[in-house]
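Each in structure tokens, the structures are laid out below.
You will see chain A twice below: alongside chain B first, and alongside chain C after that.
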Partner chain A sequence: MQAEAQGRRIVLEIFGFLPVIIFVAVLIYISFNAPNFLTLRNLELVLMQSLPVVLVCAGLAAVVMAGGDDVVSGGIDLSIPATAVLAAGITAQMLSLGYPLALCAAVAFAASMIVGGLNAVLVTRIQMTPLLTTLAMFVAVVGVNNVVTASRRINVDHPWITVLRAQEVGGVPLGILVVALLVAVIFFALHQTRWGLNLQAVGGSRDAAEISGLNVNRFIAQSFILAAFSGFVCGFFILARGSGSSPGVEDNLMLEMVLATFLGAAFSPRRVVTMWGAILGAILVAAISIGFKSMGVNVFWTGLIKGSLIVLVVAFSAISQRVR
Partner chain B sequence: MSDASAPTNLLINIILRFGFLIVFAAFFALFAFWNPVFVQGGNLMNIVEGSAVLMILALGMTLIVATGGIDLSIGIALDFGAAFAVVAMKSYGLDWFGAACAGVIGGSIVGLFNALLVVGLKISPFLATLSTFFIGSSVQRIFTNGGGPISHRRMPEEFRNLALGDVFGVPTEAVIAFVLVVIYFIVLERSIWGRRIHAMGMQRSAAVVAGIRVNRILILCFVAAAATCAIAGLIAAANIRMFTPLSGFSYLLDAIAAVFIGAALHSRGRPNIPGTVMGVLFLGMVANGLNLMGLNFNTKDALQGIILVSALALAVAQRKARNG
Partner chain C sequence: MGQSAFRLSGITKEFPGVRALDDASLEVLAGEVHGLVGENGAGKSTVIKVLAGVYQPEAGKVEVDGQLLSPATPANVHAAGVRFIHQELHLVPHFTVTESVFMGQERRGPFGLAKREMRKAAETFLRDTLGLDVSGNRLIRDLGTAERKLVQVARALIDGDAKVVVFDEPTAPLASNEVDIVMGAIARLKAQGIAILYVSHYLSEITDICDRVTVFRQGQTVGVFDNITADSAGDLVFAMVGRNITDMFPPKGDRVVSDGLQITDFTDGQKFAPLTMSVGKGEIVGIAGLIGSGREEFVDTLYGLRRRKMGAVSFEGADLTITTAAQAVRSGLVLVPRDRRHDGLVLSMSVAENVTLATLEDNAVMGLENRNAARKATLAQVQSLDIRPPNPDAITRLLSGGNQQKVVLARWLSTSARIFIFDEPTVGVDVGAKAEIYQLIEELAGEGACVIVSSSDPVELQGVCDRIVVMTRGALVGEMQADAISVDDLVAATTGASSVEEIRNAS
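The block that comes next holds the complex of A and B.
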């Protein structure tokens, strides 16, 4: 009798890990078929490739944690990729006009904060749903960026930006170190400080947080500002990755961000959006894209593979929750 | 409250109460003032005709949002509708009616797939339709070998007339959109099915307790919405005599915006057909008016985005003011 119960529990545990197991299986399959995949050099490439997505995912995770994780009515910020390309566009355009980098960064920072601030005001004051607000904001900000850059590609070869891609510190690319540090700071702020725990309480149950005296709107507003900041930083990584700003980066970044963050929820024991889940999701998605490419799979299939992965992982996580 | 502030408050209240209508009228007046061509009958008909495809897509979106979900794959249904119809005529020599049926069936496949994911696998509509979007895009790329258009210059005259013909002087596409609006209005706002759909959209568990067959309604709604979007695909294909892969995505944000402008205009914030029609016409009017102002493409795009954010904010603020 007892053994049976224990057996049941083990099966349940395994079910809980299924989303991770699926990913690991896919990665193992790739590494058998693409011999160079599991080399240190290639894994570094995967990490470098995923940096912009990791950054925006960290921002999005903060918004979801503060707003609740119902996609339609809860917290979500789809405008982060637009903020990122705006920061990149402003910096690239001003650099090409000969302004110093510090001034470019300051203007880009101001612009990002305006976007974050507007999101915060529209959501907390006018009480628009975040999905709608940030979707409309995405359209507007991308439009503004197209005016700034005139929808042209602008090359950037400023040494302070290429350093993010090329410089290594103790064998590790500087870009990875910077992002790791930032992510660690955001994680610490969200999980180890009173502020972060209050913010999570707001997302967990708005009413309960309000009754216990928290200023709910303040935390939601702050999460949008944090998200805009992550977009601002991401802008520089976009510039470094593409050696400049090119039109059309935002669409793909938005899809990857949403994919990674909500896929990441499947990795958490309670199936909620977490920062680690989102970041792990971003890295795994990048690994799988690069892996299939190095296996020689036609690019046309990437969307199909990504879509099927969402279905598989999310469906399994739903099943495992029901079994529990 | 002092006497001086009373009239100001009254003014603010009037603006908030009729805000959206005032903005609608103000933009209309502005465009008319800028370029008198704007108010000529021919141009007003242009606006209606140019909005037909978006109108039809927005109807499908309204239906899904009314069930409490969201459909990110309406563009895929449009593409499939266009592709099936064009291939049916080109490779199988079907007449216009057979091709139209093939298109609608092709679009319905997308809806069935969504229904399978949402009802069968219990994936949230946002993630389910996102993966349908990924998979559908990939399928189109594989099918067309990378996204090249399939043109069919010798399309039957009757099929071309879906976009270019007219019924008693009114463009056929506007007539089709109008007929669909009427059907959707009757079903969603004036029938028992509509009540059930709204009931499950507002409170799913209550609808289940009340004996509404939630799953069956969801399946039907997803298929109906996708079939509707496929009709928009037929018009798009007839217009340019070809199927252009991945062309539906560009309508997605506008369709969502139109539905939510409409929902914001409703007294209880529900998605509804008259509101959606208002939203679509507003977007169509702004696009047309900005075009006639002769602005550069990028500026026009940015202004459109900014107007969209402001209009949404105003519509939501207006509902709040009306409800006290």
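The block that comes next holds the complex of A and C.
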């Protein structure tokens, strides 16, 4: 029976790795078919493109770590992309009306915190499931953004925002440095502090955390606030990437966020959602998007392929959870 | 030894409709391992929660180390050095040993967490205090159950302030070879002068490890035994059971038993070892065993809810291979599950809908449900089983426990089932309904059905069954004729106080 359990474990490990294997295979396929794909210039482009996704993934990873990685009943925050788009929309609209950037950012920050706070209250006080709560919040917040921006594109050319895209420091784009710094701070908080370890304990086993004297709801609420903050920062990167705010960005962002975060679990030695995993996942997903584009794949097909990959990733994670 | 580590005296605790503790007392002395035994519902868990400060008793005193705590709260009990090792492990599977031991009490270093220091401390504590040599970097999910238990113990004791440790059924989920690991750890704790309250159903462990034992029965302290030896088990069982058994059971009819269900080398490969047993047509066979004995898993596997690893099942000589519950029902093998609220009934549906759930196809006309026929069939069942209210349209949620159980029975009686498995048939059922359910079980056997009754209630097994097989720690250890043994014998066999052979030889 021992040897058999061992064998089952090995099969399980392979299953856990399958999403990564599939992704790497797709990337290799792309690099053979799009000759420019593996150049340094192009990889920098991939990184730049992935920045908004990396930010929201960091936020989502915190929520999943605090709420548990069960896709249906565990922690999830689908509203982060909507928060990001709202922050971008508010900033763009107020800039176009001539307000100073600091004031725009303050209002956008306040709006983001309201979204995060509402999520936290609905989930911890009213005890709604995070999936439904944040999906509803996503729809509502996108609605608010449509009202704010009248659902049209607003150009932004404020130097403090374009600098995120155009400026380089020591040969590295400033945007990448800023995100790297933020990610490092969040990583330290989640993995190297007592607070972060306790937050992970809450997600790993609510009962265990409660018995150890941790205030479970406080950690879950904090994770939603952190997620909203990541959405707020992401808003500025959306403005920088698109030279303004345009409607419809949130759909793709949500898709890539969920895909990347849960794909990331396959990178973690413990097979759970982690910060690093989510970020690596975000970069991989961006690489695939750009890869398909440079191969000249029809944009409609890209959606189908991404959707299928989500199904695959979630299915594999479900299988390995069940067998465990 | 000699000084009081803690003392509960005159404790009374009432819940709506029940007096869980009635002037109960419990004292543990410094440096001793003290056993607490009693049947389910005797008040063991309640008294632990009173000590923990979770329940406030209506009357009585809680003293720890000579200090009166009034009232006892979780905070001041913890401060007084009392630690609780709960039955459930409550560990995060993907956390390391170190992270689990220090959960909620992490040590900070100059830069973030003092990870190295914590790992050293966890490893040292596990090795020196509990006798477990394990790397602090191992993941919980890679450890065996006994090792996880010790990690749980380390988490409670790592602060070094523990004076009293309460173990609640620490060995229930363990295989027999793992029990020694936990027992060894407890012996080490005792040698370090820590007082231990050891709560367990396993009397052989109690007599092995305890210096003194307190016995609870129906919320009262019925005895404190000194000088515990292996021979004390009989006295303990007598003190635990000593009650009048009311006349609940129908007389056993003169039934003709013929070849029926034969189970050979049947195992799930995990929770119970290959076992062989038979149930004749017209026979009632009981399965006795504590929680964790593999009894529940065996029944579930037989019904196709869990995957079987190997073994053969036949009925009247013909192969009866069951891999899903739907197949079991089609083959005429049905289960009345232990948790009827979850597994047995759709509580939001009416009685008629629940009763006809398994027979929808019989009543259907071209795939459409024939409600009238369903209602009519149900009405007959409702009347014959005396389900109250006698209304097929009543919503099942509103029925009492006993009547809900009868609805589950009505469903299976309306099928052409020939093999009935009852898993804890009378948990949460009032006395009147109990007698009716026993009567029904007897009638089923009288009509030639094979009946299996799996139960944690020794009185029920002894009263209703013809034969009883005993399971302990995943193995079938023997079988006995019900009318040749007493309830005490059955308790002794399931708790390991004496072996099945000893009982058979004695009777």
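Definition applied: the second predicted complex is superposed on the first by the 284 of 324 C-alpha atoms of A that agree within 3 Å, B and C clash if a C-alpha of one lies under 4 Å from a C-alpha of the other, contacts with A are read in each partner's own complex, and residues count from 1 in each chain.
The rule is short, and it goes like this: contacts are C-beta pairs under 8 Å (C-beta built on N, C-alpha and C of every residue); 3 or more make two chains touch, one makes a residue touch a chain.
All of these numbers come straight from a predicted model, not from anything done at the bench.
Visitor: So, does A:258 touch the first partner chain B, the second partner chain C, both, or neither?
Guide: In the superposed model, A:258 contacts chain B only, not chain C.
Visitor: According to the stated criteria, A:139 is in contact with first (chain B), second (chain C), both, or neither; which is it?
Guide: first
Visitor: Tell me which of chain B and chain C touches more residues of chain A.
Guide: Looking at chain A, the partner in contact with more of its residues is B.
Visitor: Of the partners chain B and chain C, which touch A:213 in the superposed model: first, second, both, neither?
Guide: In the superposition, A:213 touches chain C alone.
Visitor: Have a look at where A:193 lands relative to chain B and chain C in the superposition and call it first, second, both or neither.
Guide: The second partner, chain C, only.
Visitor: Taking the superposition as given, does A:297 touch the first partner, chain B, the second, chain C, both, or neither?
Guide: neither
Visitor: Between chain B and chain C, whom does A:310 touch in the aligned arrangement: first, second, both, or neither?
Guide: first
Visitor: Thinking of the overlay built on chain A, is A:22 touched by chain B (first), by chain C (second), by both, or by neither?
Guide: Neither chain B nor chain C is touched by A:22.
Visitor: Output the chain A positions appearing in both contact lists, the one against chain B and the one against chain C.
Guide: Comparing the two interfaces on chain A, one with chain B and one with chain C, no residues are shared.
Visitor: List the residues on chain A that touch chain C in their complex, please.
Guide: Against chain C, chain A makes touches at 1, 4, 188, 192-194, 197-198, 200-201, 204-205, 207-209, 211-214, 270-272, 324.
Visitor: Quick one: which bits of chain C touch chain A in the complex? Just the residue numbers, please.
Guide: The contact residues of chain C facing chain A are 86, 88, 90-95, 99-100, 103-106, 108, 111-113, 139, 141, 155, 269-270.
Visitor: Which of the residues in chain B end up touching chain A in this complex?
Guide: Counting only chain B, the residues touching chain A are 68-70, 117, 121-124, 126-128, 130-139, 141-142, 145-146, 253, 256-257, 260, 297-299, 301-306, 308-309, 312-313, 316-317, 320.
Visitor: How about chain A: which of its residues touch chain B in the complex?
Guide: Residues 71-72, 118, 122, 126-129, 131-133, 135-144, 146-147, 150-151, 255, 258-259, 262, 298, 300-308, 310-311, 314-315, 318, 322.
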